[in-house]
């Protein structure tokens, strides 16, 4: 260096330039330059002057259509990705713009949504049925630092449309489910009429239900109470409804034997229903006088509060028999284990698969899954109910045959059978 | 000494013990930690006593269930103080969640539903933290909600914890732009169903009361079609099953889930069917996921206790069976 | 009607399940009054008649009234952190429910000790499946079977059981339950099953 | 207050754990507190979440004002909710013995609607989808599956098939049918075993969480 003196400003400027150059080269290196000049030069770009090569190519083939099988109010937008939409490429995001068509003239385009790079479809769920819309898809390249946008370069596609959304009257993708349900109904109704006509129907033995009478009898002999726990779900659950039906039968037996049946519940609606059912059972066997309001009582809606209270009751009152019928969750084991330790006979039934192992471990008899739903037919032996069972079994037979045929067809690559059962849109 | 007196003595001991350590805590004592040697000695002692019970059983004396309770208590409590290293194997279900997340481009919108309450938090909270950590680290946008009243509170706890991490802090994430908590909505599975047509109708405001349309992150999110990935942390009803039935089957979202271990087995059919992409099952799933995301939290810490508890349960199953076969031999071979 | 709505996305059918959910929620809100009154009635009876344990009934009444009065008087924002309702929730309700939940850890051990015995072939299968899953899903499993090649260790075995036989069983149960529910629903709709309408 | 709260938590936790030893006054006290608090908790939650937010606000919406103080349109009262209100009122009629029977109407409505909703949802999600997924090519799409998957697929197919056979009620389990049902039971048992294993895992995790509260949050012995 030949100059002996630097002014401080010149020095600073020179040093600054040097630093900038250093940073620049570091950035180029780290970004492995060739692929993405955009990223590399980013530091020098200001929002006002974005070089042309930063602009991505526009997405092509934008198409719009009314979304199928819905209640209206939405339009599907689809496009082919921009040629620049490659990994680490110039497209960071797509934006979807929409304008209303008023008297043939498009209004102002407004952004209605965005999609990530690589996406090819967007559903605009905010349309008004009957209006015409025009859509554009914009490919956006941008740089963000510290969560702030530094610059943005966007290219719009050709507009697509007009299109209008509308509601459909029938969901075609669900025809198969409809056919299935109808088929099942036909079976069930057919066998119900058969049964009404007096046809004898066989039903196999279910140990848990055979034991009900014996269990009630035992309580009578010992002069102790029977507890009936109808699960912790509310009346909007089929398992509870099934359980209430079984309660009716158990209450009849108990009333006949003059044994005190106690039903602590954890849902108010279940309490109301169970009270009616037990009362009805008492008058059905001609003992309305033995019914007592407090037989059915509410504890708390809380799952574990309910379990804690029943645990206490079981330990203190030592019932001879406990029924667990309905939907149970984690509290199943707390209840069943305490009941087991207190020496009661326990009969459980639930369609909650996670709880079945515990009932099997801690109870004397367990109704597994579907068996809970046949209990009312089994206990009452009413022909109509038995008929529906038979119909249910026919449904199962059809399913078995379908599985068999399906597996064969699929395995030998003859026909993609499984699509018949597809309900996913 | 009578039983009554013994009971009172034990009560007094428990109280004194609690009081001493509580005062210690207030005075700022160090945490109790067993060294590896002490840990091994404790393990050995427990194993020996189990062997003793086995011998007793073979001799024909059955232990009562309170002894079993005692052992479970020991097996769970002591390892919390231990320092042992362990290897964690990654199961394919957990890997699937991770891979899906990895496949999401930056800026993807992830909907996380917190469908659990404090009692299930030991299992699900570690998952929530690891999941959020991954999302924030990889610049995914997170929309949180809850079908359980306490879910959004758990979400806030997790967010608070993750945001306090140095790496995430430096990202300077903004509420409303990078993540948002829509809060709780009553209505069980019907909430999901309505969200299928319109998020806003279910969540007119976020949990802070900001109107939906004023939140930048979600103002353009109309329904599930604008969500790239859904994740559900569930401990019961409503939970993953409802998300599968409605969000996946009806509205076609991509769904991953974190479940309590009880629920997890029921989700396998959904997973094989492709209705569910990936599953974190219980605390073990949480530990595996923590390992993958490199967010080491309580899931990993509790793994020693977990292993221990399993071993104790298995030991007692074996003891029970020994007793069973012994009694069978005595009474002749009857079925 | 609710069957139809599944197939017809058009208004008003698409609104029907929404209505049901709202109505149900409102009915529930009214019904819980009945439940609460029932609990109070029984507890008060216990106290008046001085039945054994009536002191605890007093505790029930007091704690019930305490939280109800606080919760209703605190208005819409009763759940906000810092309210008394929230305090009761966090420091009384949560410890109780968490502990009740945790107590299962003990029961699960005693149940397996007592009940899981190789009584017959079925019980043995159950036992073995439980055994492999339990041990395979924690790190200990792989330490024990570490000498075996990657791929046949206990953790893989556990995964295999979960993915295949377990799925098959679950699926059979699920289809069975679904058919049971469909058929019970149908019986209810057709009015064959009407126990829930007792007294008509 | 903070100290009191932690001690209260510890007191209640140990109170419930004491039930493992035997039923005792400590447990009884905790149980009574728990039942009372939880029952009240749900009354409050239902009142505000269901009755107030759903019904009251739905029928008489808040007047929402924008920043300029003008009324924002769009929040129309939903008069359909009144039907729910009426059904709820009918439910409360139970308090009056004379007209108590009228509460059966809302009950019948709930049960009927539930039946309808479940019928179709269960059929679609459980039956249809599960069949769809059982029906897979045993040897993979292009006969390329590994032995592991092939065996697995066969196991799933056989298991589902025989498991369903077990649930036949109108046919006696004899002969070939009986053996299929028996194989079905085997699969059910494996399923129960596996889910038992998982549950042990879950319960232990919760217990660990609780013990962590006792020794960590309360007594500060673990950090």
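Order as written gives the chain letters A, B, C and D; numbering starts at 1 within each chain.
One rule holds for everything that comes next: a contact is a pair of C-beta atoms (placed from the backbone, for glycine too) under 8 Å apart; a residue touches a chain by one contact, two chains touch by 3 or more.
All of these numbers come straight from a predicted model, not from anything done at the bench.
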Top chain pair, ranked by how many C-beta pairs fall in contact: C-D
Farthest-lying chain, centroid of Cα atoms versus that of chain D: B
Inter-chain centre distance, chain C versus chain D - centres from mean C-alpha coordinates, in Å: 4
Distance from the mean Cα position of chain D to that of chain A, given in whole angstrom: 12
Where chain B and chain C are represented by their mean Cα positions, the distance between them in whole Å: 17
Chain centre separation (chain A, chain B; CA means) in Å: 20
Numbers and ranges of chain C residues touching at least 2 other chains: 3, 6, 14, 17, 20, 22, 24-25, 27-28, 31-36, 39, 53, 93-94, 96-98, 100-110, 112, 114, 116, 126-127, 130-131, 134, 137-138, 162-163, 166-167, 170-171, 173-177, 179, 181-182, 184-186, 188, 196, 199
Shared interface positions of chain B, touching two or more other chains: 65, 69, 72-73, 76, 119-120, 149, 186, 197, 249, 262, 265-266, 269, 272, 275, 281-282, 284, 306, 309-310, 313
In chain D, residues with contacts to at least two other chains: 16, 19-20, 28, 30-31, 34-35, 37-39, 41-42, 45, 49-50, 53-54, 91, 94, 104, 107, 110-111, 113-115, 118-121, 123-125, 127, 129-134, 156-157, 160, 164, 167, 188, 191-196, 198-201, 203-204, 206-211
Touch-based graph of the chains, sorted into line, ring, star, complete or other: complete
Chain D residues within the chain C interface of the complex: 5, 8-9, 12-13, 16-17, 19-20, 28-55, 58, 80-81, 83-85, 87-89, 91-92, 94-95, 101, 104, 106-127, 130-131, 133-134, 148, 151-152, 155-160, 162-164, 166-167, 184-201, 203-204, 206-211, 213
Residue ranges of chain B in contact with chain C within the complex: 65, 68-69, 71-73, 76, 86-89, 91-93, 117-120, 149, 186-188, 190, 193-194, 197, 265-266, 268-269, 272, 281-282, 284, 303, 306-307, 309-314, 316-317, 319-321, 324-325, 335
Interfacial residue positions of chain A with respect to chain C in the complex: 69-72, 167-171, 174, 177-178, 181, 184-185, 188-189, 192, 234-236, 238, 241-242, 244-245, 247-248, 267-269, 271-273, 276-277, 279-281, 294, 297-305, 307-308, 316, 330-331, 333-334, 336-337, 340, 351, 353, 356-358, 360-362, 368-370, 372-374, 376, 384-385, 388-389, 391-392, 395-396, 399
Residues of chain C touching chain A in the complex: 3, 6-11, 14, 24, 27-28, 31-36, 38-39, 42, 45, 53, 93, 96-97, 100-101, 103-104, 107-108, 110-112, 114-116, 126, 130, 170, 173-177, 179-188, 190, 192-193, 195-196, 198-199
Contact footprint of chain B on chain A as seen in their complex: 70-71, 73-74, 92-93, 111-114, 116-118, 122-126, 146-147, 304, 329-330, 341, 353-354, 423-425
